[in-house]
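In the two complexes that follow, chain A is the common piece, with chain B as its partner first and chain C second.
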Partner chain A sequence: MMDSFYLAWRYIVFNRIKTITLVLCISLVSFLPFALKILLNESEHQLMSRAITTPLLVGAKGNSLDLVMNSLYFSKEKPDFISMKAIEKVMDSYLAVPIPLYTRFHAREYPIVGTTLDYFEFRKHKVAEGRSFAMLGESLIGADVAARLNLKVGGSILSSPENLFDLAGVYPLKMKVVGILQKTNSVDDKAVFVDLKTTWVIQGLGHGHQDVKKIADESDVLSRSDKLVTTSTKIKQYTEINVDNLGSFHFHGDPSIYPLTAIIAVPNDKKSATILSGRYLSEQKNQQIVRPKKVIEDLLGNIFQIKEFIDAVVLIVAIAMVLAIFLVFSLSFRLRQKEISTILHLGCSRSTVVQLIGAEILIIAVFSGMLCFSSLLVLQYFQGEIVHQLFIS
Partner chain B sequence: MININSLELSYGTDEFRLSIPQLKIESTEKVAIIGPSGSGKTTLLKLISGIIQPQRGRVEIGEVAINELSDPQCRDYRVSNIGYIFQDFELLDYLNVQDNILHPFRITQSLKIDNQVRDRVKSLAEEMGIADKLKRLTNNLSQGEKQRTAICRAMITAPKLILADEATGNLDPSNKTKILDALFRSTDKNKATLIAVTHDHELLDRFDRVIDFKQFCDGESV
Partner chain C sequence: MNRSNTYFATKIILLSSLFLTFNNVNAEVDEAKLNIYTVNYPIKYFAESIAGDNAKVTLPMPGDIDPAFWEPKAEDVIGLQQADMILLNGANYAKWLPKVSLPLFKLVNTSAEFRDSYISLSEAVTHNHGSGGKHSHTGTAFTTWLDFSLAEKQAKSVFKALSRKQPKLNASFVENFIPLQKALLELDTELTEIGGALNGEALLGSHPVYQYLRAKYKLNLESVHWEPEEAPTEEQWNVLTKLLEKHPAKWMLWEGVPANETVLKLEALGVKSIVFSPTSNSPETGDFMTIMHENIANLKAILEKK
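Coming up: the complex of A and B.
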């Protein structure tokens, strides 16, 4: 038996290109359905786990999937904005506790999530180092952000401009890192949390600048009266908020119309949730309330329908591949007919010939299995990241 | 001693017909078989080795009637007692010289590779002048080296009967003499019988006997 494996091994090594091609083909065909299953299971797990723990979401009317994906997974799809008035509506109902979210901006590739401290209590997140944000311009970063950007408490992170070519756009804001969240194995690990007002400062709704009453260079002042001072654009705008300039930061306009992307509504009980949902259905023309679980279930339903189609395609490809492999082997044996007849002439039995061929097929199958298995292990290791890239971001 | 009696074999509808009323070859005899192409020289070697079976007649090697053995018995007998040198070497290109020589041992349960066999490979390779080529793949060998490897493979089981089908056919004159010398040396050492099909008439003097296959067309006994 060992001699059969030895001879088969020598043949396989000699014909390594053919062997590698066969091993790759078999591995790929075996890998695809398993990989698909792993990725779909992980996507189901990732999508559902967060959706289940988020009872209701209030947002602008429109695509409910965009609203859920943006609010739960901070994806790049941006739903229309709602105003701060929506918070009051939820509060005034006494049916749920509102947690506002504003997820428009990014710091490098990481989303900046403007919210309140209720968010961390709701998600049961703990601060691993430092503290939660307490004042304008402070940030609490996720564990992965800290690890990947090598950020520590006391460091700082810069918001990214929305459009590099918009010269009149808002300047990047340098935010101080005051805390790092414990690892949560969720998208919160890859987010930068700030107070809502900080996101409005990034947007330009609020800003800080040199005190116009104390300008030393009078050439910067265009006009001055008791109530109004008009200055030139040379006046210094602050791009970082610290204790010294905090007082100079102020907001313009009506705060009740400042934007939000969504509100997580945490209802008092099931009945409250039903009543609140009903009110939005009947009263609100510009806003919607959605159950993230239902939206994700619909999404997964679609994904699994696609999976069934992909499974069928993989099956057809697998059958074609098996036929092709059968063809390769039969052509190979036809080409080796002379060799087989030589070993039969030397005195080899037919069963030994079958053993030799079986050993070759077994070695190829074992290598394909090993390659497939190790690829699946690698996929399993990176499944979270891959699913995030494929289905969430 | 090899004894062939009333042997008859035909292919198709009289396209080929071999008829040997009687043929005797003594032990340790070196016999050359000559004859026109298609006269059945290679077929005779295959009949003697049991690779093909006659329609009639009997082929005896010593006490054994090889055409009366079952297929597995015949294969077992062949691999242990007959060394066959094929016309175009029929070496396996994916094995090195050493593995090609050891090949009969790897394809049969009844033969086991041990240190004695490994030593025999070395001594045969030295005898044939290919000791330094044992680890080389056969693709990288000259025609002469390939033929020497094929002879070593035929001799590795120390057979008492060697069947050589055009063993010198593909070689240049100087190599032909060298290969035949090596084959004769090895045959003598083993006290084996040699039956060699050849077209090289200049080498016939070196054999104990020459059988011309033309005679079997007339159904003569030898």
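Coming up: the complex of A and C.
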């Protein structure tokens, strides 16, 4: 028996190109359906876990999937903005607690999530190091952001410009890191949390600058009267909020029309959720209220329909592949007729020939299985990241 | 150990147990108490009057500053974040609020119900820079409680917030709220009568804090921007002299007791001083009601000397 394996192994090593091709083909055909199943299970887990725990979302009327994906997973697709008036509407109803979200900006590749402290209580997140943000310009970062950027409490992180070519845009804001969240195994690990008002400063709705009444260099002042000081663009605007300049920060315009991307509405009970949803259906023309669970279930329904299609394609490919492998082996045996007859002439029985071929097939199958299994292990290790990149971002 | 010693030791143990039990009961009561923060004294007074012993009400800023312009530090804000409820005045009162992070669901805007009645102020300083164009720093008058009908609505808002937070204590809150409501409405009636009796008599305000008082009680009042403890500058006197030409007032309402020198100089111009304190911060003596009654008594003095 061992002789058969030895001869089969020598044959395989001699015909290494053919063997490698066969191993790769078999591994790939076996890997695909399992990989698909792993990724779909993970995507279902990731998508549903947050959707189930987020009862209602209020946002601008439009694509409900964009609204849910942006609000729950901070995806790059941004829904239209709603205003702070939407918060007042939810608050005044006393049917739900509103948690605002503004997820327009990034710090490097990590989303900056403007929200209130209610978010952490709602998601049951705890601070691992430092404290939660308390002042304008402070940030609380996810565990992965801290690890990957090697950020510690007391460090700082800079907001990224929305557009590299927006030379006239607002200055990046240097945000002080005052705390690091405990690992949550969710997208929150990869986010930079700030107070909602800090995101408005990043946008330029609020800013701090030197006191216009005390400008020493008169060339910076274009005109001056009792009620109006017009300054040139040379006036110094602060790009970092600290104890010394916090007092100079202020907001312009009506705060009730400041933008948000969504509101998480946490209803008092099921009845409150139904009443609130009903109000949006009947009264709100520019806003919608969605149940993330329903939106994600619809999305997963579509994904599983696609999966069934892909399964069918994989099955056809697998059948074609099996036939091709059968053809490869049969052609190989035909080419090896002389070799087989030599073996028979040497006095070996037909069963020895069968053992020899069986050993070759077994070795190829084992190698293919090992390759498939190890690839699946690697996939399983990175499944969270892959699903985030493929289905969520 | 003899018998008397045993008796003494037993007594000590029993007393200690009793003391510890009593302390635990107290601790439980304290834990059950609502931890409320407010942004000014009138709201604190309303909350304390309605909640009684069921809440610990804190006004977090020092007593010698205007609460509207307090500049809290991160430690102060962390304290506020621990509150069960933070009662706001609304009308852009707490200028520090946009610079701090507080949990939204703990905030109660006591003037939200009448936000359409806020009085807008004319623009203060306007400037422009960068691509944002001209910016105007307009504001909102915030001493809403000086219109006692609005103060009553704010007190009602505090009452509703407390009842929502502690529905089991609703009966106690109702019992406490009714006399407060009655007292505020009585103040409103009394001031309405005084406003009517003043019949357009020209008045001055030392500080622009009397907008709601003027609007509700139809006072013919114009304000300058003076501080009671600071001597006005020459420029401020000039502004007043010009104002008196078109608004010949004989009385100036002050937030606090003005400096004697200022009083004498004003009298030389034919303007007498009376105190009408908004009591934004905790008073050294008395409470909201006693001070408002003093304010009204001071206004009545105008009628008597008219």
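Throughout what follows, the second predicted complex is superposed on the first by the 393 of 393 C-alpha atoms of A that agree within 3 Å, B and C clash if a C-alpha of one lies under 4 Å from a C-alpha of the other, contacts with A are read in each partner's own complex, and residues count from 1 in each chain.
Keep this in mind: a contact is a pair of C-beta atoms (placed from the backbone, for glycine too) under 8 Å apart; a residue touches a chain by one contact, two chains touch by 3 or more.
Because the structure is predicted, anything quoted here is derived from the model rather than measured.
Colleague: Specify the outcome, clash or fit, for chain B and chain C once both structures are aligned onto chain A.
Modeller: In the arrangement built by aligning on chain A, the partners chain C and chain B fit side by side.
Colleague: Under the stated touch criterion, which partner chain does A:Asn15 make contact with: chain B (first), chain C (second), both, or neither?
Modeller: first
Colleague: In the overlaid three-chain picture, which partner chain does A:Phe251 touch, first (chain B) or second (chain C), both, or neither?
Modeller: A:Phe251 contacts chain C only, not chain B.
Colleague: Considering only touches as defined above, state whether A:Lys338 meets chain B (first), chain C (second), both or neither.
Modeller: first
Colleague: Per the contact definition in the header, classify A:Asp195: touching chain B only (first), chain C only (second), both, or neither.
Modeller: second
Colleague: Could you read off the angle at the CA centre of chain A, spanning the centres of chain B and chain C, to the nearest 10°?
Modeller: An angle of 160 degrees, rounded.
Colleague: With the two complexes superposed on chain A, say which partner A:Leu136 touches: chain B (first), chain C (second), both, or neither.
Modeller: In the superposition, A:Leu136 contacts chain C only.
Colleague: Note down the smallest distance between any C-alpha of chain B and any C-alpha of chain C in the overlay, whole angstrom.
Modeller: 76
Colleague: Please give the residue numbers of chain C that touch chain A in the complex, ascending.
Modeller: 71, 73-74, 77-78, 81, 98-105, 112, 123-132, 134-135, 137, 164
Colleague: Please name which positions on chain A make contact with chain B in the complex.
Modeller: Going through chain A, the ones touching chain B are 3-4, 6-7, 10-11, 13-15, 338-339, 342-349, 352, 356.
Colleague: For a test of understanding, state which residues of chain A touch chain C in their complex under the given definition.
Modeller: Chain A residues touching chain C: 87-88, 91-92, 94, 97-100, 116-118, 121, 131-136, 138, 168, 178, 195, 197, 204, 206, 209, 212-213, 227-233, 235, 237, 243, 246-247, 249-252, 255.
Colleague: In the complex formed with chain A, which residues of chain B make contact?
Modeller: 49, 51, 72, 75-80, 84, 86, 90, 92-95, 99, 103-109, 113, 137, 153
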